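Structure, as structure tokens:
Each chain gets a letter, A, B and C, in the order it is written, and its residues are counted from 1.
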Amino acid sequence: MWSGIGALVVVVALFLFPYYVGPGTTGIMVQGLIVLTLASMWNLLAGYAGLVSVGQQGFLGLGAYFVLIPAMHGVTPWAGLVIATVGAAVCALPLWWLVARLRLGYFAIATWVLATVIMLVIEQISSIGGGTGEPLPGLTGMDPAVLTAYTYWAALIVAVLAIGGVYLLLRSKIGLVLTAIRDDERAARSSGVRVGLARMGVFIAAAAGCGAAGGVLAIEQLQVVPGTSGGVFSVQWTAEMAFAVIIGGIGTIEGPILGTIVYMVLQQTLQSYNAWYLIVLGIVAIVIAIFARRGLWGTLDERFNIRLFPVGYHLWSPGETRRRQRRPEAQAVQ
Amino acid sequence: MSTRTENRAPLLEVRDLVVHHGQLQALSGISLTVFPGEVYALIGANGAGKSTLLRTIAGLHHPTSGSISYDGKDVTGVRPEKRASSGIVMVPEGRRLFTSMTLEDNLRVGASFARKGPWNIARVYELFPWMKERRNQKTAQMSGGEQQSVAIGRALVANPRVLLLDELSLGLAPVIVQRIYSMLPQVLESGITVLLVEQDVSQALRVATHLQCLLEGHTMLEGTPAEVTREQVEAAYFGVTDGSVSNGLG
Amino acid sequence: MAWVNAIIQGLLIGGLYALFACGLSLLFGVMKVVNLAHGDLATVAGYIGVGIIAVTHVPVLWSIPIVVVLMAVLGYVLQRSLIQAAISRGELTTLIVTFGLSIIIENGLQQFFTANSRGLGVGDSFITSSFSIGSQITIAWFNLGIFVLAVVVLLGLQQFMSASKYGRLIRAVADDREAAQLSGADYRHVFGVAAAIAFGTVAIAGICDGMVTTLNPTIGTDTILLFAFASVVIGGLGSLWGTLIGGVVLGLAQAIGAQINPSWEQLAGYAIFLLVLVVRPQGLTSRGAQA
């Protein structure tokens, strides 16, 4: 109960940010909130449903275009955010059908291929900018500080909804199914549990979240550029969300939050060193994945037994094995 | 028992072995000694811990406590492949052949790290004459009994000193089982010592020089087929305890 | 006719794709590892080649064996250390570690070499010299050479896997790791050898690619990894010749797509990939279950 009130306090405080913080910092917060949303989605996929996707940038990009295209026809980008969320979710359905049967590693690359295909198709359409990108109409003439504040609030709402949505999803029937799958997939299947549907539900939800984040991104950048280096379809987005989750703590709701903070700190400190922050992030993520699998939050939780979001989570996704069975206290041999 | 220790060093010695499967204690302080030239049989019902014991001796399980000595040297911490290449070779339960490979390739893999000795692929073909014709056939297409023979052959070409046989009879018709066990004398002749696990008690009693009966991870009975009576074996197998059962441990 | 030439071109590039793909397929077949950094390894090999040539001025073709050996050693070391540690912790960790490696490699290359493209110049005449069949069909010697090299490497790999001691051991470990241990094989070492082979073959492919096109830090994941994966899926897992067929089909699809519309080149390839995924997920040549 207290954690619920605490969360509310934090959200309200965050909401008031633009009133006492400059637009530069607010802009950075927007970036952070986008990554936070993405991280929560990636965590939902990989940490709770065992789906490692390296193609979420596809939905990010789709979301951005779902804001751009209506905006080009007079729909305000703020409403476009809703279109982005729904549109990405709708697109997820046929894509899920394509990759649903693939095993873990193949699933990962297949999602990457899908994201690339989406990008290639969009690049063919010159009316929305083709390969070079297109500026976002509908927001000109706004006072920059006000625009930043509005963008910030949009990003904050999206992030809060995303995390809240994940929380609710995990407490729902789908969440139960996911726990059952984590414990023993074969047993779950044989007892009639709708494993495939649950995974599909998660995939669609994650697509929606990433789409919403993409919409915010379009607004933040005031343009949508496809392309794999720095564009909305860049795999670097997946790298950021995945590393944030791994470092923060996979399989926990708090983990992505912590991980995003670490990510933003690193990014701001190493900003001037170009690609270094991704290299450092990658190294840290690898080290944590091998030596501290539960991530920062998971390790803290283990030590001090704290939990802000009371969802029964499990450590690890399907396919994981323990390295060695822990031996019980060996009795002294007399 | 005293005749065993005269003038001979044990080849394989297990002392107070305790083995866990996760939380479950599968073996609770098992000891056994195998001398060169013996056929030592481990019998007992399902779940008694026989295969666990064999797998631990082969190196696939780590004991919680206790020790295993081979030829006087402690091998408790030695990796399974090292044990195999120094002469402790196991024919695992369920055959475990390399199913994508041909019969001869299976044997060749077995010979990859073989010690020097009398056994080679040609000699295995003498032991199992049917193999020579079908050596390029995929093992996946073979019958249970044939696969079991290939598994034994794969172990033999490594020239073991101690051959561990895990549940040879599993899933095979009695006639086939007898045929397979009929090769045992030739194996022994070449100087190999055998430690086997067998659910089929009569089969075990027929070939063993010494035996130990396990129940739920404990030793219930130990001795030679001549020493133990049918009733004693049954009692040990099923865990019936009353005054008339001696557990052979003194 | 432009069409025939395009088709031949597509066929020939399929050999290169198969060369990219066989390492990926090997690692998955033996260790169930999908190495997301696979494509970047090819790029690294290309860059090492560039570096070696810049420093020692050896002819380009000589750089191939040097780079291959270097990469093979790197593969063994990386496998025994990092990748083995990841494998023992599960598939999720392995994916994350290889993905992390991919990002690190790409951004590292970007830092040191900038995003500009590099080429492994072999001299214009070598690249462009060609021969003709009839009056309409032109085939560049170079492309034919790469295809032949790819087939030779695949043949060698096939021979190694079926008839050599370590080839058998690799297959044995892939079939049943424990049983292989019982036959005396240290599976960690065997995995290392498999990784060395995978890294070596992808290195050859990387250098060839550097000679045909130019290198830049991100082609590992922009194209190579995805092309390799598509080739494996199309051809079917478990057979080297399946990988060759997959590569050739992919190359053909791309060539035909490019003929219709130059910007459709990659899309056409992926379209075939998706089609195979939907209609026959086990691949064109495989008889067994799919990925």
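Methods note: a residue touches a chain if its C-beta (ideal position, glycine included) is under 8 Å from a C-beta of that chain, and two chains touch if they have at least 3 such contacts.
The shown structure was predicted, so the numbers you read here are calculated from the model rather than taken from an experiment.
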Greatest centre-to-centre gap (Cα means) from chain A is with chain B
Chain with Cα centroid nearest the overall Cα mean is chain C
One chain pair leads in contact pairs, namely A-C
Here the gap between chain A and chain C, centre to centre from mean Cα coordinates and rounded to Å, is 31
Whole-angstrom distance, CA centroid of chain B to CA centroid of chain C, is 45
Cα centre of chain A to Cα centre of chain B, whole Å, reads 54
Two or more other chains are touched by the chain C residues none
Contacts with two or more other chains occur in chain B at residues none
So, in the complex, the side of chain B touching chain C is made of residues 58-60, 79-81, 84-85, 89-90, 92, 96-101, 105, 108-110, 112-114, 154-155, 158
Chain C contacts chain B in the complex at 165, 168-169, 171-172, 174-176, 178-187
Chain A contacts chain C in the complex at 46, 50, 52, 54, 98-99, 101-106, 108-110, 112-113, 116-117, 120-121, 123-124, 228-229, 235-236, 239, 242-243, 246, 274-276, 278-279, 281-283, 285-286, 289-290, 293, 316-317, 319-321, 323
As the complex stands, chain C meets chain A at residues 28, 32-34, 36, 82, 85-86, 88-97, 99-101, 103-104, 107-108, 110-111, 115, 218, 221-222, 225-226, 229-230, 233, 263-264, 266-267, 270-271, 273-274, 277-278, 281, 290-291
